[in-house]
Amino acid sequence: MTTSDDVVVEAVGLKRLYPITKGILFKKKIGEVRAVDGIDLQLMRGETLALVGESGCGKSTTGRLLMGLEPADGGSISVLGDDLAKLNSRQMRAKRRDIQMILQDPYTSLNPRMNVATIVGEPFAIHPDALAGRSRSEAVRELMDRVGLDPSMVNRYPHQFSGGQRQRIGVARALALRPQIIVADEPVSALDVSVQAQVMNLLLDLQKEMGLSYVFVSHDLAVVRQIADRISVMYPGRVVETGKAESVYAAPAHPYTLALLSAAPIPDPAVQAERERIKLSGELPNPADPPSGCRFRTRCWKAQEVCAREEPQLVEISSGHSVACHFPQREDAKV
Amino acid sequence: MSDLQVEAQSAQAAGPESRTVAADAWYQLRRNWVFWVSVVLIVGISAIVLFPGLFASEEATTSLTGGCQLEDSLEAPGDKFLLGADQQGCDVYSLSIYSARTSVSVGLLTAIGTTLIGSLLGLLAGFYGGKSDSVLSGVTSIFLGLPFVLGAVVLLSSVDLPDIWGVVFALTLLSWATAFRLVRAKTIEAKGQDYTLAARALGAKDLRIMFRHILPNAIGPSIVVAVISLGIFIGAEATLSYLGLGIQPPNTSWGVMISEAQNAFFTAPWVLMVPAGFLTVTVLAFILLGETVSDALDPKLRK
Amino acid sequence: MRNRRRSFVVGAVGLAAGLLLTACSSSSDSSSGSDDSAAATGGSFSMAIEKPQALTPTNCYDLYCAQVNRTLFEGLIEFQKSSEGALEPVKTDLAKDITTADDGKTWKIEINPGFSFTNGEAVTAQTFVDTWNYAAYGDNGQQLGFVMGPDQLNIVGYDQVASNKSKKMSGLNVESDSVLTVELEKPMGQSLFYNFLGGPQVLPLPSTAIKDPKAYEKQPIGNGPYKLEAPWTNQGMTVVRNDDFAGEAGNADEIEFKIYADNNALWADLQANELDVASTLPQNALVQAESVLGDRFINDEGGLQYAYYGYPVNDPTFKEKDVRVGLAKAINWDEINDKIYFNTRTTATSFAPDTIPGGGKDVCGDSCVFDGAKAKELIDGAGGVPGGAVLIPQLANETGDVQKAICNQIQTNTGVKCTPQIYKDFGELVGAVTGDKATKGLIYGLGWIADNPTIQNMITANFSSTSPYNDLGYDNPEFDRLLQEGNAATDTATQIEKWQQAEKVIYDDFRAWATQFRNNIGGYSTRVSNVDISPDGIVDLSVVQVNS
Amino acid sequence: MGRFVVRRLLQIIPIFFGVTFLVYFLVSALGSPLDTLSPQQKRNPAYLEYLTEQFNLNDPFIVQYFKYIGNVFTGDLGTTFAGESVTEIVITRMPVTATLAGTALVIELVLGIVIGVVAARRRGKLFDNASLVIALIFIAIPVFVLAFVLQWLFGIKLGWVVPTGISEGWPLSYIVPAFVLAAGSLAYVIRITRQSLLETLNTDFIRTARAKGLPAGTILRRYGLRNSLIPVVVFLGLDIGALMTGAVVTEGIFNVPGIGQQLFTSIKQQEAVVIVGIVTLFVIIFQLLNLLVDVISAALDPRIRYE
Amino acid sequence: MAAELLRVEDLQVEFVTRDGVARAVNGVSFSVAPGETVAVLGESGSGKSVTAQAIMGILDTPPARIAGGSIRLLGRELVGLSEDEYRLIRGEQIAMIFQDALSALNPVASVGKQIAEMFQIHRGASRQDAKDQAIQVMTQVGIPAAASRYDSFPHQFSGGMRQRAMIAMMIALKPKVLIADEPTTALDVTIQAQIIELLQELQSETDMGLILITHDLGVVAEVADHITVMYAGRTMEEGPVDEIYRSTANPYTRGLLQSIPTIHSAEGRLPAIPGLPPSLFALPEGCAFHPRCPNAKDRCRQGEAPELVEVADRHRSRCWYAEEVMRSDNLR
């Protein structure tokens, strides 16, 4: 197992609250959306941590908090040993060379007015020392090559590429500064299935070659399965289950994880026909007004009176596998 | 956009020949006769503005060199004066040609001024939001709340600026708010786009994000609007001249000519109709250009 | 139209400003040549006016209220054309006698009984005393109260009232219901005193006007041939015949005054026969007025206004008289009159038109005769115009046609560069010639609207060395002396002669010359006849006949 | 919504102060109103003193401004030199301008939307291009030229209407000036309607409506128009402000005794108090109209929720 | 399976654009029987949505037009029907739900009214009557407190509820055939499952035919009876769902199936289909899929495209080597 020296990102008690204001002349806060409500994360060198959950659960916000793109309202984040909150803006910029991001929508994440050379070369414009003696166009061509794009296409504009190619451009841009950590926010969810696999393979290859650590944000447990070493399942603002991937897939302990796995369709009619699937009723609670106690209780078939009263805390149920539930699933649950 | 279009487009996107927005627009414009009419007109007007000597003789516009004899007052169009003479006996055609520069300059300078000021402030307000946005937007409401003619009257009577600069100043001050709103809205839109987020993730400074990423994406519509306003401003100058507030003699502009021509409108309509014609055609050319270009550029309307 | 008083001049052909002090012209003027002997009465017609600032006579500062008040009020003096065509002040039906026993220091005014306001209140001596005290009282804020004060009537005790120290001028006394006496600070000749009594600001006001001026202003009550039956509005007002009027009654039953903000609108209505009488026309109508209206176009010479140009004394540009005369001779006023004004002005050869007693003579002579070649010769002979360029002033609200034409002619004929120079308002223009930073090469030009029909009034303000309005800085002791001698003369003929001599002095110096007199122009519809504009710009509406 | 309205009303306050201060400042920069008096008027020291008192001319500028504003809050917009109440001028003239602007608005609305809809349905065809060019010609012709030409044509040449004034009442006396007033904005209404309708017709919910089997007319009215009218309403709301100022020229030429004509006269006479008074009023009306536009937009589009 | 409800035969849809004519749909055939679910599968740009819109008669014409083939609904030919006639069929006999319910619902009309409209326009129901029926349908599709949500607007609904409302609107008149165009793509997994279940329930209640347009092979596996796989406007393979999954006879289908990650698949790389779908304006010679095909041989690269050949009962594939592919080891 990894030692604590190998922790590249650590978040403790992370919070992000968006105030809800009201008022005629002077706005006063009447409440808040608790987008991220006290979560702990650890990312080890070279591993992939997947943040999984449905839209609105706070997983993307967490990604942006880790990137320092939004200020945390509570808790701390340390990236390679530096507390993000304590960095000034110059240091923060320097930190960008260590931690980078791949965004979900390949159509909006590339500036339509810039050609590929400019987009992929922009990191070097911002951090000229990252060129390390190469010319910028050399560096850009290298990156293009590495992500599987024809370097001769550097003068084209984003709209001249397909979704998968655009996502590769986004990956190239993120790699330019040779970061150690990449936060990938739903990198393949906007892509067609066939292309999805191409991009996932690219990410896997890159990780192997460059020893990258990924925080992989996704709603799709099937995709996550391919890449994750560890998984944290989120339910509005909270991590409800976290553990090694094999362990979570093999023995999901939280009813929500169970339901997510169960809802994921399996492209095999034979298997589908036999599966006993758990269908959750209702929808995600409003994060501005979460249910008392366990937030999942409103949709949980196991919910009892204690769930409304007491919020369950993450409890380790096996090595490295924790769950926040009053009635965790037993080992033998099958999906 | 319908899925149908997405399908058609993504199918195209795969091919190397897929087009830029500009290329698409150009394709559409190429087949639009209105666009070509406006282009031809603008080329003609530009030639008149830059080289009036090619079209008319300056001598016919001043009494120092033999033009403008009072005895020719209100001479009808004919051999001596192609499009007639005005009350002072000046050749209306030559005068219109030599007035073009002032009128177009007012339009051009005002369009540039409003776009620069409006865009810059709009960019700042949209990007930084919060207090600076509230203050700037408040100031904008004040200017938008100030009726145009009134504002111009008050400004032009209280600010003593020479010739066309006064008019340009007043028009700019009263019109920058439109560009401001447009750019601000576009900035807010662009600011929320992922590519801006990506730039921030790379550690780009605010200035870089504003000018390299947001501005190029936010300025488009305001440039189209600037083309349209260029025409509108030329017309506005004429209105101010009509109210006796615009360009002052000895400078001359179409507005000044029209204003002076009112005297003889019913008996010598050419004195009014010729500069009014030049003015109308010029204004129309710019508006048509702006309208057709903006129509062609609007992806939401594309089939 | 506040500042138009002297500035109508050069370009403005729009509604001329108020000829106030001569507001009433003769209602008994039989010389106006009404050819239908069977004077038709009855009917109604409309007349165009601009919106008056106020109708209350003591606030009546423009031609339009003067025109309306002409129908609503009967004063003490009105003007009539003499046999020579000059305007002279004469007593109205209301005034029985106006006399002085001490060479003009104290005046006794006796009025005829039987006149009353349309609300029934009788017009008595007390009425006049109250009205005039009211007008003079500072806090009442009446614009024309100054007529009782210095340089004007100069009634004893005015200062006290104007400064709110007293409510009553000690020089005004009621002798009886029909007699009042007026004591002046300085003696005044009869014709001048009569002239002052001809203005609307001395018209009688009923007591309600003084008690509630605001309500009164909305619907003034007068003592004239017509009365206002409803409050006036922004669209205008309608007056109907006052059947109780003791004087000569008006012809029409009803007169509607339509308010126009823009003369062009007025012209449009006149052409469409929607408007019956107009005593002004917009510039753009002049060119076609005659062809459109035919003999219904009024274009009468002899308006009591002149335009002039002058050379500021302290400007070395105009040191040489040959330069001054040369520039004057370079301008063809007849042609300007023809092409720019369409013959609605008359080229002037003196400062007084022939409608003023002693006016209409050629005082200028050769200097005012256009001769381009001679002009150039004179200027070149004098070594050219220092600086080589001159400026012609133009007020911001003028169209500038004349200035352009003048400059074109100066440039064509003499080669001296000439540019119109625009001034925001009257004050700025005066500043440009009188201040320390006087503009070099500026040919000063304004105009004058007569306060009363005398040569003295036409030349004193602009050229007397003691006048605060002598912007040119003209200072010739000879001129001052002749003017004073004329003022003091008791005999009218001597008086006129002295004034004419003074006028001649100005032309000899050629510091200034009158360029044009403004004609009174207007028109009327096919529905009315016997429309005539008096030299002071007022139409006598009582005699207008509505065609049946 | 109620809160929103209150907040917007409160927002008008700083704008009101901003604009009035700006205008008052600029007008004051013109110099003392007494400067515009002719020398003969200045002969009356009592009158000058009265004016000085009346307009607080001896006070520092800022004091003058607040005294003026103080009066404005009591409904007193000041008086003219002749002592006429500006408030009264406004009250008597406003209905005329409102009628004129209202008529213009109706012309814009009806012609603009009808032509805009037809142009959208025939996008790129002759009607579309022709309506564009013709509408834009109306923008391009200076309003006073158009006014003269139409006045001459309908008032004098054809004699269908009285060339000027409002003697024939509504609608005969208002129709030509209202058209002149509306002409400039008409093109915008056409363009916005057309553009917005085209956008709407390209949206997914129109396709849904077709899939539902709704008749084409119903789709256009219930789905297309209702959704496209929002930008039109926003434009028209702002345009009322423009119409009222546009009235300065139009009312002058057609001799319509409205507020614009008063302004025309006051501008010529540099009567500062009237100008400031009317601008103040326009600003308030303009702001209230903006508010109204927001409220109407919210009514048309339930997605817009203020506060 | 009883009689056919809908039969699409050799459907051809062209897009006439300035770049030339694109065959968005090129000879697609399939049929739907009562209670049957036919899945039309393919990547973006494969022509599946165009097929759906062609069936509904809501293609944007121009630039699209039906260039050939026939669409028969209960034996009645729909191609060439006038707009007025077609309109009466839409919503009544055949209806369609869309991917993004938020943009597919009129934002300014209340959800309830948009549903009630169906009864008013097609059935001439009174306002009140339509409302009652609409509320009933809303309840039927599982919108809680339907009566009180009748006046709510689409933006006030959650994603799942909006899709339910959409379904309610489209099944209101109990159409014979319902086309669902990517009905769950925009939704979260747990909601997806709810919607799929709802569609299945409705189908079993009314015995309607369901055409499911999707790119999600997982969903297909769950609900479809019959599959049509499209690529570049053509049917690549079609057949009963089990047959397709068990013995794939087309390399494209196989590529798709293999590239899908599942919760049961192993960690690490998946065999992805290399390359990109071709432009419809520049289809490769020969088999359109050959540039991406691992099995491509010379024959595939030139000459005629392969025909759709029957490889088993009701199972057809467009591949020169269909039998070979079928025989080779299947992934699952």
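In this document, chain identifiers A, B, C, D and E correspond to the written order of the chains, with residue numbering beginning at 1 in each.
Quick note on the criterion: a contact is a pair of C-beta atoms (placed from the backbone, for glycine too) under 8 Å apart; a residue touches a chain by one contact, two chains touch by 3 or more.
Remember, predicted model here, so these are calculated numbers, not experimental data.
Student: Looking at the contacts, which chains touch subunit B and subunit C alike?
Tutor: Touching subunit B as well as subunit C, we find D.
Student: Treat touching chains as neighbours: how many steps, at the fewest, connect subunit C to subunit E?
Tutor: Between subunit C and subunit E, the shortest chain-hopping route counts 2.
Student: Considering B-D alongside D-E, which chain pair is linked by more C-beta pairs in contact?
Tutor: Here the pair linked by more C-beta pairs in contact is B-D.
Student: Taking each chain's centre as its mean C-alpha position, how far apart are subunit A and subunit D in Å?
Tutor: Their C-alpha centroids are separated by 54 Å.
Student: Measuring centre to centre with CA averages, how many angstrom lie between subunit B and subunit D?
Tutor: Distance between chain centres, rounded to whole Å: 22 Å.
Student: If you average the CA atoms of subunit C and of subunit D, how far apart do the two points sit, in angstrom?
Tutor: Each chain reduced to its C-alpha mean, subunit C and subunit D end up 39 Å apart.
Student: Determine the centre-to-centre distance between subunit A and subunit E, using the mean Cα coordinates as centres, and give it in whole Å.
Tutor: 31
Student: Would you give the residues of subunit A that are in contact with at least 2 other chains, written as numbers and ranges?
Tutor: In subunit A, the residues touching two or more other chains are 162-163.
Student: Can you pull out the residues of subunit D that are in contact with at least two other chains?
Tutor: In subunit D, the residues touching two or more other chains are 148, 152, 204, 207, 270.
Student: Could you say which residues in subunit B touch two or more other chains, in rising order?
Tutor: In subunit B, 2, 10, 14, 157, 262, 265-266, 303 touch at least two other chains.
Student: What does subunit D use to touch subunit E in their complex?
Tutor: 203-205, 207-216, 218, 222-223, 226-227, 300-303
Student: Which stretch or stretches of subunit A touch subunit B in the complex?
Tutor: Spelled out, the residues of subunit A in touch with subunit B are 64, 67, 69, 92-97, 100-101, 103-105, 108-114, 122-123, 125-127, 157, 159-163, 170, 173, 177.
Student: Could you please specify the touching residues of subunit C with respect to subunit D in the complex?
Tutor: Counting only subunit C, the residues touching subunit D are 1-7, 51, 53-54, 59, 61, 136-146, 149, 151-152, 162-164, 213-214, 217, 233-235, 258-262, 264-266, 268-269, 271-272, 274, 397, 425-427, 468-469.
Student: Residue numbers of subunit B touching subunit A in their complex, please.
Tutor: 10, 13-14, 16, 18, 20-21, 193-195, 197-205, 208, 212-213, 216-217
Student: What does subunit E use to touch subunit A in their complex?
Tutor: Residues 43-44, 158, 160-161, 188-194, 197, 215-222, 224, 241-242, 245-246, 255-257, 259-265, 267-274, 276-277, 332 of subunit E touch subunit A in their complex.
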